[in-house]
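Note that the chains take the letters A, B, C and D in the order they are written out, and that residue 1 is the start of every chain.
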Amino acid sequence: MNLEFTREELEFQQSIRDWMGAHVTEDIRRCSALGEMPAKEQQQKWEQLLGKQGWLALTWPKQYGGPGWTATQRYIFDLERAMVGAPPTSPFGVAMVGPVLYTFGSQEQKDRWLPGIVSGELLWCQGYSEPNAGSDLASLKTRAERKDDHYLVNGQKVWTTQAHWADMMFCLVRTDPAVKQQQGISFLLIDMKTPGIEVRPIYSIDGHHHLNEVYFTDVRVPLNNLVGQEGMGWTIAKYLLTHERTTIAGVADSRHEIARLKRAVAESPCSYDKSQAWQRIAELEIELMALEYTNFRTVAATDEGQPFGPESSGLKIKGTEFQQKVSQAMVELGGMMSLTWDNQKTVGSDIFNRATRRYNFLRACTIYGGSNEIQKNVLAKMLLGL
Amino acid sequence: MNLEFTREELEFQQSIRDWMGAHVTEDIRRCSALGEMPAKEQQQKWEQLLGKQGWLALTWPKQYGGPGWTATQRYIFDLERAMVGAPPTSPFGVAMVGPVLYTFGSQEQKDRWLPGIVSGELLWCQGYSEPNAGSDLASLKTRAERKDDHYLVNGQKVWTTQAHWADMMFCLVRTDPAVKQQQGISFLLIDMKTPGIEVRPIYSIDGHHHLNEVYFTDVRVPLNNLVGQEGMGWTIAKYLLTHERTTIAGVADSRHEIARLKRAVAESPCSYDKSQAWQRIAELEIELMALEYTNFRTVAATDEGQPFGPESSGLKIKGTEFQQKVSQAMVELGGMMSLTWDNQKTVGSDIFNRATRRYNFLRACTIYGGSNEIQKNVLAKMLLGL
Amino acid sequence: MEFTLPENTTLIADTARRYLKNNYSFDAYRQQLEQADHLQSPRWSLMQELGWFGLPFAESSGGYGGDLLDVAMIVRELGAALCLDPYVDVVVAPGKLLEFIGSDAASTMLTQLINGQARLACALYDFQAGYQVLTPSLNFNGVRLSGQKHFVPDGGHADILLVTALNGSELVLCAVPLKLCETQRYRALDGSRMVNVLFEDVVITDEMIIARGEVVEEALGRLLAYLRALDCARMYGAASALYQRTLEYAKIRKQFGVTIGSFQVIQHYLVDMFIDLQQLESMLLMVAIKAESTDDFQRQRASLAAKAYYADKAVRIAQQAIQIHGGIGVTEELDVGHYFRLITHGSLTHGDRAHLVKGFAELRN
Amino acid sequence: MEFTLPENTTLIADTARRYLKNNYSFDAYRQQLEQADHLQSPRWSLMQELGWFGLPFAESSGGYGGDLLDVAMIVRELGAALCLDPYVDVVVAPGKLLEFIGSDAASTMLTQLINGQARLACALYDFQAGYQVLTPSLNFNGVRLSGQKHFVPDGGHADILLVTALNGSELVLCAVPLKLCETQRYRALDGSRMVNVLFEDVVITDEMIIARGEVVEEALGRLLAYLRALDCARMYGAASALYQRTLEYAKIRKQFGVTIGSFQVIQHYLVDMFIDLQQLESMLLMVAIKAESTDDFQRQRASLAAKAYYADKAVRIAQQAIQIHGGIGVTEELDVGHYFRLITHGSLTHGDRAHLVKGFAELRN
C-alpha cells in the first residue's frame, strides 16, 4: 500500500507541469475558464502541439507512436492537463479508431491512418448511433452494399459529435441484412469528403453546435476501408468498450471545476451565506475523494496488468453523476448570477455567470456512450450472472 | 378553493380535542411518548374506549355502527388522535374485515361479527402472506379442503401482525388447486382457538414481538365461515385495496414526530449545532406540507364522492418514505444520545434516547402492505396503460 | 376544505389556454427568443383586451379584483406554453408593488399601468445584496443615486423602473425613467430579457419618490410572497408539460424491440415524476391561496416552503425528463430542453433553495 | 501508487478471518448479546495469544509495530463477523491514547495493557459537550472531580478509565479506577455495552494524572483520526457482508415465478450498492493510511472525509439490504437487521455526518 507518487512520478509530474506552464497559452485555456467548448482551430492547435511532443496517443504501444508511459503517468498527465485548464483531447482518433486499427487493421491501413492520428492532423468522428438505434445499437440500419470495388452506403447517423470537423468517420454499417442483428454489422472507415455525405448541425441546449446528423446517399467507400472482416463490426465495437477507461469518470476535470467553484465563492459578496456554501462544497470534495481513490485503484491495477472490469463502469456512472452534481452546485450557488443564457459576462463572478452552460451541456453525460441505465443493466448481468 | 376548515369543522375539532384531553390517560399516551408499541391491554383499552363512544369504525355506514362522519371529520379526528399521542387503532377489524363483511358477507355473518368489531372487543389478524408468497400473493399455498360440514385447513402464514392477540383471523386460502392462481382462492374466517393452530413469535429489529408465523395442521373451519363464494377471495382482496386510504400516508403521525423532534432539539445542550438541526427540520416540515396538502386533497375529493385513484398509492409511497426520513433525522440529530438498543433512558433527551426503536421499526413500512416497488409497478400500469 | 377551482378561475385558465393555443406555439417561442422587444407583438394588446392587465388588482384601483389564484392559473398556462410575453414582470410585479404601497402617487401610476399607458418594471436586486431585498447596495448621496441594479427581469421593455435604494438606513422606492440610466441588456436563462442598470449621478426629484420606510419594507414582503407563488405556477406549467411529453415519449420510443416504457426502471422514474407532480400541484394550490393571506407569518411560511419545494422537485422532474428522452432531450429543436432551462431559471429567482430553507427555519413560531 | 495490501497485512487479515470462522458465529453473537462480561470468554485470551494486544503499538512500547492498516483489517473482519469482543474499546483505543501521550506514566500503563494486566477504557464524551472532546463538561474542583462522563464504550469491562476533564482551561487526562465511580450500564445500539459514569467528589491523586494541556489535546486529535478509521473498517466489514447476503438472496428468492434479481429495479439497486461499496473500499484504504499520517492537516482531512462518507453511503447500503430482503430483513433471526444496527451505531460515534462535514469545511487549506 502506498498512496503517494514515487519520486520518479513526482519528477515526471513536475516536468509535465513545467511544460504545461510554458506551452498552454491563454487561448488554449480560455475556453475552460469561460465554460466554452473550444473552436476547431483551438482544439486542433492543442492536439497538434501534443502530437508534436509525442503526447497525444498516450495509451498506444510505443511502436505506433505512444510515449511508453505507465497508467499512473497518463493519470498524472491528465491531472495536470485539467488543472491548467487545457481541454481534454478528442477521443475519436486517439482512444477509439487508433486502437482498433493497430489491433484489427491491415498493415496498409495502419500505415495509412495511424500517423495522422498520432500527430493530431487527422480528425475523426464516430458513426454509431442512428435515429432508432440509440441505446440499442444492434438495431442499426445504415446499409453498406458490396458493389465491385466498393461499398455503397445509404442511411443516417445521428448525435455525431464533431462530424462537421472530421476528415474521417469510423462507422458501424450493416453489410448483411439477412443474418441476426449483431452478426451482419461491419466496421467501415469513410472519408467525409466523399460525395453523397450531408452533415446537418444539431444545436444543443448549452447553445453549442457539437452534434450532427449525417446522411449517406449512395456513398462509395473503397473495399479496403473495411476493418477486419465483414460481420466483425460488433466484435470490434465490444473490444473498444473494454479498452482502457481510467479517465472515463472525468475526475481530473471535476477537481478543476471544484477549484473554480471555490474561487467563485471566495470572490462573492458577503450578503451571500458562505458557511452554507462551504459546507455544500465540502460534501462535494468528500465525494470527489472517494472517486479519486477509486480512480487511483483502477490506474494502479492497470499498471499491474490487472485492469478493473465492472469497477470501471461503476466509475463511469458515479463520475458522470458527480460531474452533474458539481455543475448543479455551481449554478445554485451562483444564484441570480447564474441566470444567463448566452454564457456572457453580466455581473459578479465570471464563473457563476457562465455556470449554466456546463450544467446544460452535462445533462448529456449520463446519456451518451451508453446511458447510465444501460451501464447498470450490463453491470447487473456481470454481478448477478444472469 | 378553501384551505380552511369550516366553522362546523372547527367546532368538531374542538369537541374531539376536548374529549381527547379528558379521556386519553397517561398510560394510553405513554407508548407513543416512549416510542414503544402499546401492549395488548393498552391497545384494547383504547379501542374499547373509542368503541363505546361509537368512534372506532369511522368509515362504516351508520347502519353498521359508523359515526356518519365526513372524510374531513375523520381526518380531523386522526390529527387530534396523533397530536395527543394516542396510538392508531388496529386496522384488521375496523378497516379490513369489517367492510368485507358488510359488503360480501351473509346476514348471519354480519350479525355475528360486526358488533364485536364496532365495540373493539373482538381482535382480528390478517392471514395473507406466506413464506413464498410475499409481494406475490397469488402464489399462496395454504389449502382449505371441503369435507362434509367444514373446511380442513393446512399450511402456513407469516408476518402475521398481532396473531398472538387475535381472536379471529381473516385469511386467504386455496380451495381449488386445479384452476389458475388467482381463481382458486377463497376468503375464510378462522377462530384462533381452533385446535391445530400454532402461533410462533417473530421478533423484529425494533426489539418487539408484533409479527408471527401461524401454522395450520388439520384445522377444522365451519363452512359458513366462508365469505362470499368459493373462488371469490381474490376479488375481495382487491376490493380491500381500493377501500378508503386517506390516512395511509401516516401524515398525522409524522406531524406528531416532527413536533417531538423539535422539542428534542430545543431541549438539547448548546454544544450541539442547532442552526444545522433547525435547517434539517425545516426541510422536513416543508416536505410535510406537500404531503399534508396532498392528503387534504384526497380527503376533500372523498367528501365530494370522487375518491382519488393512483394518487393515494402515491401518497402511500411518499408517506412511508417520509416517515423513514423523519425517524432517520431523529436518530442522526440525537447523535450519541441515540446509541441505545433497549429503548431505555440513558442521558439527555428521552426522545433521542428512544429514537432508534422507531427508526428500526419503520424499515418495514416501505415493505408491508405491498412494497413500494410493487406499488410503483401498479401505478406504472395505470399511468402507462400497459 | 375544498380544492376545486372556483368557476371563474377555471374560466380564466381555460381562456388562457385557448388563447395561447391559438396565438402561440413552439415556433412562435423560438422566434420570440431572437426578438428584443416583445411588447410590439399584437399579443401584448390582446392580453390587455383579455383583461389580464386589470385582473390582479382591486376594483378600487381600477382592476378586476382577481385573486392570486386567478393570476397563478394564467401564469401556469404561460409556463406550459413556454410563452415569453413579460406579463408578470411588466404588469403583475410592478402593479402589485404599487398596490401594496397604496399611496396616492402609487395609485395614479397603477391606473396608468392598467390602462397600458405606463410600462414599468421592478429593479429590486443587485449582486452585492443578493436576495436580501431590504438592504440594497444602491445608496442616496443627497438627492442623487449612483450605483447599480442588476437582474431586472424584462426591464428593457419598461419606460420606468421601480427602484429600491437606501437613504441612510431608510428604504426608499422611487420611479426612475429608464432613459436616465445606462443599461446592459442580455438574454436570461429562460429566454426572457434582463437588464443591469447603471445610475450615474441620477437626480431623484420629489415626484419620483413613491414611498419610504416601513411601508416599502412591508410592500416588498407581500410582493415577494406573491411573486414566489407565481414562480411556482410557471414552473408547474413547465413541469407538467414535461411530464406529459415524457410519458408520451416512453409509450412510443422503441429500443431493443420494445417501448422504453416497458422497462421497469423507466416505469419507476415516471411514477416518481407523477407523484412529485401531484405534490407540486398541492403546493401550488396551497401557495396560491396563502401567499396573499393577511397573516404575515402564514404568508411567509407558505411562500418560502412552496418555492423551496419547487427548487428541489421541479428541478428533479426537469432532469429526469431529459434523461428519459435521451439524446433528443438535449437538442434545441425539442421543447424539452427549453422547459428545462425555464425551470432552472425559476428555481433561482426571489431566493434559491438554501436561502429559502434558511428563511423558513428562522421563522420560528 | 499501490493498493495491494502488504503480505503481512494480508496474513493478519486472513488469520483474523479464519480465527473468527473457527471461534465465532451468528449464534455465538446472539449469546454474547445477552452476556454482560465479554472478557471472561476464552476468545479474549486467544486474541492476546494471536498477538492482537500488541499489534497496534510500536516495538519500543512493547508492541509489534503494526500499522493502522493492519489493525483496520482485523476490525473489518470483526465487523463482518458481527463480533462483539471489545478489542477496539478495551485494547486499541486506550492503548493508542497512552502511546500518543508518550509520557513515562503512560508507557508503563501501556505495557500493562499489552501484557493483559490492565483493562482500560476511554471516557472522553459527555452529552453536554457532545462531540467536542476538547471541552468536556467534567471539571476539577481542587483535586476532586464531580460530574459525569457518558457513552463510554465497553467501559464496564475496564478496571481503569482514561478520563478527560478540565482544570480551568487546561485539559487533563487521568486514570481513574472504575470502582471509585458509580455507573449506569446499558446495551448500545450495536449490541455492545456502554456505561455512563458518575463522579461524586472523586479525589484525583497525582499518580492518577497521566498528562495535561497541549499534549492531551494533540493525542486526542490523533486518537480520533485513528478511531474514525477503525469505525470505517468495521462498517465496511458489515456493509460488505450485507451486500454479499443481499446479492445471494436476490439470486434465490422467488416472487411471481422468477428470482427477484431478475427485476430491473432490484438489479439497479444492487448495482448501486456494488458501486458504493467499491467507493467505500477506496475510502477505507485511503483513511487506513492517512489517518496515522504525521501531517496534521492530512490526517484530519482524511478521517473527517472518510467517516462522513461512510455515515452517508454505508447507511444507505444497510437500508437497501433490508428493503431488498423484505419482511425477513427486519427480523431478529436474520443477521441482516443486526448489521443494520451496527452500521447505524458506527455512523454516530466520534462525530455524526453533519459534525464531520462541518469540520471538513472548516479545515481550509
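The rule is simple: a contact is a pair of C-beta atoms (placed from the backbone, for glycine too) under 8 Å apart; a residue touches a chain by one contact, two chains touch by 3 or more.
Everything quoted here is computed from the prediction, not taken from an experiment.
Visitor: Treat touching chains as neighbours: how many steps, at the fewest, connect chain A to chain B?
Guide: 2
Visitor: How many angstrom lie between the centres of chain B and chain D, each centre taken as the mean Cα position?
Guide: So the centroids are 39 Å from each other.
Visitor: Let me have the rounded angstrom distance from the C-alpha centre of chain C over to the C-alpha centre of chain D, please.
Guide: Those two chain centres are 52 Å apart.
Visitor: How big is the gap, in whole Å, between where the Cα atoms of chain B centre and where those of chain C centre?
Guide: 43
Visitor: Among all residues of chain B, which ones touch two or more of the remaining chains?
Guide: Residues 373, 376 of chain B each touch two or more of the other chains.
Visitor: Counting only residues that touch at least two other chains, what does the list for chain D look like?
Guide: If we look for residues of chain D contacting two or more partner chains, we find 263-265, 268, 358.
Visitor: Which pairs of chains touch each other?
Guide: Per the contact definition above, the touching pairs are A-C, A-D, B-C, B-D, C-D.
Visitor: In their shared complex, at which residues does chain A touch chain C?
Guide: Against chain C, chain A makes touches at 129, 132, 134-136, 139, 158-159, 202-206, 211, 269, 271-273, 276, 280, 324, 331-332, 334-342, 344, 346-348, 356, 359-360, 363-364, 366-368, 371, 373, 376.
Visitor: How about chain D: which of its residues touch chain A in the complex?
Guide: 1-6, 9, 69, 247, 250-251, 261-262, 264, 267-268, 270-272, 274-275, 278-280, 282-283, 285-286, 288-290, 305-306, 308-309, 357-358, 360-362
Visitor: Going by the contact rule set out above, which residues of chain A touch chain D in the complex?
Guide: 1-5, 72, 275, 278-279, 281-283, 285-287, 289-291, 293-294, 296-297, 299-301, 304, 310-311, 314, 317-318, 373, 376-377, 379-380, 383-386
Visitor: What residues of chain D sit close enough to touch chain C in their complex?
Guide: It comes out as residues 263-265, 268.
Visitor: Touching chain B in the complex: which residues of chain D?
Guide: 125, 127-132, 135, 148, 150-151, 184, 186-191, 194, 196, 254-257, 263, 265-266, 319, 322-323, 326-327, 329-333, 337-338, 340-341, 344-345, 347-349, 352-355, 358
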